[in-house]
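Two complexes are shown next, each including chain A; its partner changes from chain B in the first to chain C in the second.
Then we have the complex of A and B:
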């Protein structure tokens, strides 16, 4: 792994809070690493442990659940 | 050509033709004629031929049955106060200018800088009451009501934006944090390090390199000098200059400050029938109150015009839905450039070509603005022509734009759930603008994820629910009765439930409003009207014992005074359970008849037992039980109440010494005149600290009240014949009420609305509304406005016979259900229940589609439509 490696992240975001927050980060033009992929759910309670494992199996270095 | 950007208060410049501000509706360019040279080139160079250069304002006539005046307010011009040198000193800015400085879309893109040298200030002072509470130079006797809170907010945000420590100091006379949850915000700001200095600063003098010198007198009477990098003038609100002509044209009366005149019992009714008013044109007020009044004025107009409801409505033609079941997916992808917002970073043509290569994608195009009206028309046409049965828009966020595109799907005859968005603006181009290649790669990924999900989307059915056009109002005080009457006057049936033996609530014990109106006469006639209204059924001494159901379809059980129970079926509930006066355990309350609360004094006055002709002193103590840990909020109405009582006592007993012991006087808005009048009439105000409260001794010859006098800085003892305690208002909201309607209660015991500014009388639970003191302490005019607002929001549901709820809900597959009951336990909305076969079944009317049950179901028996496992896995695996 070299120094420039940015971990690939899968983020489950709740429509009402963290997804809205990610939208607001855009409105505020906050810059962050482009290696995160967002999957919107209507509630973080929707996220099953199987979804997280599937994320890791599919090659993501980490999985985030925000809600 | 560029000119000063008026939206940023002239702190930067912009082109003469511009969109006035980012949220402007409609989002259309216009030419600033004051700065335009008059060449007219824009008309010839515009390829779309969108410019009509010689366009002139046109007169048009509209026939209406009612007018609502919401003309707003403007800020005070500080040039009048020459000692602040606003015109000469660049680092003296108004609070509105400072708002723009802090804003990400402002002149400095949200970087905290001062105008003189664009350096980050290390020390900022806010001067309060600039153009407010000033009859000497500003000619505004009133308090502007909002400046204390915005100054505190600006100080807190400035500290957050600063790169190092920031010394933020607010120079004030009284901090007026009288709104819901405002006191806590003030306390947090203090803990955060904002300095509060009780002093009115006379002048600002220039220092070195743009710095500013303030000289002021502190609490102890000592002269202090401090240098600041920047000074913010907390400018007050005033009626717009044009308002006098507008009022004349409309034929409505204005008050002495040129605000539209109303009375306390009809707070949104102007002097002319059929003309209503809301917002700060009626008097200085904040956003929650303005939004509440907006709904209230709509209710008032609705009461006048309800017979013509739906008479001039044009119904939208609904296109028949195409059946796509069994068809292979044919996905259409629309990639938006959003002007340069996306197109300036993401390589849109490349993304478009890439999307064409994805499975099931049959059509791709890119648009300059996918959301524009002409694109929508084109999109519907393309969907039909190309036989597209799944649609993806790669653009901004579904949170704002999904409903718009879903409308287009409906117009094209597609089920609106066959739609997915890829967020390539807010979560891509805007946040990776430094790295176009990575942003382009991410856009491709996001579209690929959307395509993977879209292929698995199914058409969903929305549940149509009947709305029982009946409302139950809980609480028979002024708020509850006003809401009931507002609905009954529009022809809707109302059940009004009151737990005590009679209607009227707290208003029964109140003497006069702050404008001097007779409350008893008003309440008496309101009770009569309500009790004799055939549309309102009143239940007194009744208790709510059970509530079942959901919006449009509630069943509630009441326990009546005779021990019988009755059931009410209703579509809507309005919660107006009010509040009561707090009975304190300090200041010897209860131990001596000469020590009483506000309401007890009012009752004495009304019973004719008030002191008359005596000259023994009366002492009022403010904030008894408020703004302390037990009730950490301001009760809002007590300061004004004390002024009314003091002035009344002064009128009947001109010789009586009257003292008011206070922490901050909060006579907000035009109520400030009462405070001024009380001081003019010799009422003596003594400030006290919460840590050094007055000590009361009850001697047979009189009460002795000892406290530290802050100006003399020594203890003084006041001899008095009576002590009136301005006690807190405590909510009468029971925990069961919250549980019955699934509505939240805050730590102070008040009901929590869906959004303090945007939805001030609604809850997240649909079909349930709040008004009056169950929401927060408020005066009678504010309670009435909020009650009308609740009725107005209720009307939006009552006036339709059916409402549809989202089709993206959970559904159990009964064959696999193991009857464990986990879903029944975890659901916050009580949507799942066991059916007659013992299997879990989900009521689509109650389900909010959160998916908690789906993730918790150990048998995998619950499908969440629109967010099902197969769809989520497809998205994950596609990346």
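Then we have the complex of A and C:
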């Protein structure tokens, strides 16, 4: 991995699926880069396009939505 | 993604980190205006009303008992997004000071005809107004919200 620029990424995770998936990834000790900051939502349908704009405005390099 | 797909999550994050790295850091100061324009489009009441109405409009009907097929709905959405984007571009340009229609056209890269159409809509909704005359050329200004 190129260390010159470590991106900051915002991830919206759904409480019922991807959040549990991310939890499982942690429990199972799968290696993945520490670049995402996780925001749990009660449903990924709750995520509005404005939330993504807000994420970019707050200085994240990318915004991800997992559902 | 299901709760059982821990490996898939790790793979997605790895892959998307790589993509983000290739894109390079996001300069929020440089993109402030562009983000403002996009935000303006996304908060526009017309788009807000239409968002998430696809099932209602294509499978059921609206209050006038009209039903749209999916092609028509997509066409409608595309038109509204384009229209609102043009208006947001104009408002962004008008924020810099009073401009004539021609100046707006060159600032936004839109055809003069389109500018005048969208400007009319902005005036109607009270978001832009006549500011002054320069000779015979009218100049317009954004109305502070």
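What we mean here is this: the second predicted complex is superposed on the first by the 64 of 67 C-alpha atoms of A that agree within 3 Å, B and C clash if a C-alpha of one lies under 4 Å from a C-alpha of the other, contacts with A are read in each partner's own complex, and residues count from 1 in each chain.
Here is the rule we go by: a residue touches a chain if its C-beta (ideal position, glycine included) is under 8 Å from a C-beta of that chain, and two chains touch if they have at least 3 such contacts.
Everything numeric here is computed off the predicted structure, so don't read it as measured data.
Using the contact criterion defined above for the overlaid structures, shared-chain residue A:66 touches chain C, although it does not reach chain B. Within the superposed three-chain model, A:20 lies in touch with chain B and with chain C [touch as defined at top]. In the superposition on chain A, A:31 makes contact with both chain B and chain C. Touch criterion met: A:9 reaches chain C, while chain B stays clear of it.
Shared-chain residue A:39: touches chain B; no touch with chain C.
Common to the chain B and chain C contact sets on chain A are residues 20, 22-23, 25-28, 30-32, 35, 50, 58-60. Across the complex, chain A is touched by residues 104, 109-110, 397-399, 423, 425-428, 430-435, 438-439, 441-442, 445-446, 449, 808, 826, 848-852, 854-856, 864, 867, 869, 872-873, 875-877, 879 of chain B.
By the touch criterion given at the top, residues 1-2, 5, 7, 9, 11, 16-18, 20-28, 30-33, 35-36, 49-50, 53, 56-62, 64, 66-67 of chain A touch chain C in their complex. Across the complex, chain B is touched by residues 10, 15, 19-20, 22-23, 25-32, 34-35, 37-43, 45-48, 50-51, 54-55, 58-60 of chain A. Here chain C touches chain A in the complex through residues 1-14, 16-17, 19-21, 23-26, 28, 31-32, 35, 38-39, 42-43, going by the rule given at the top.
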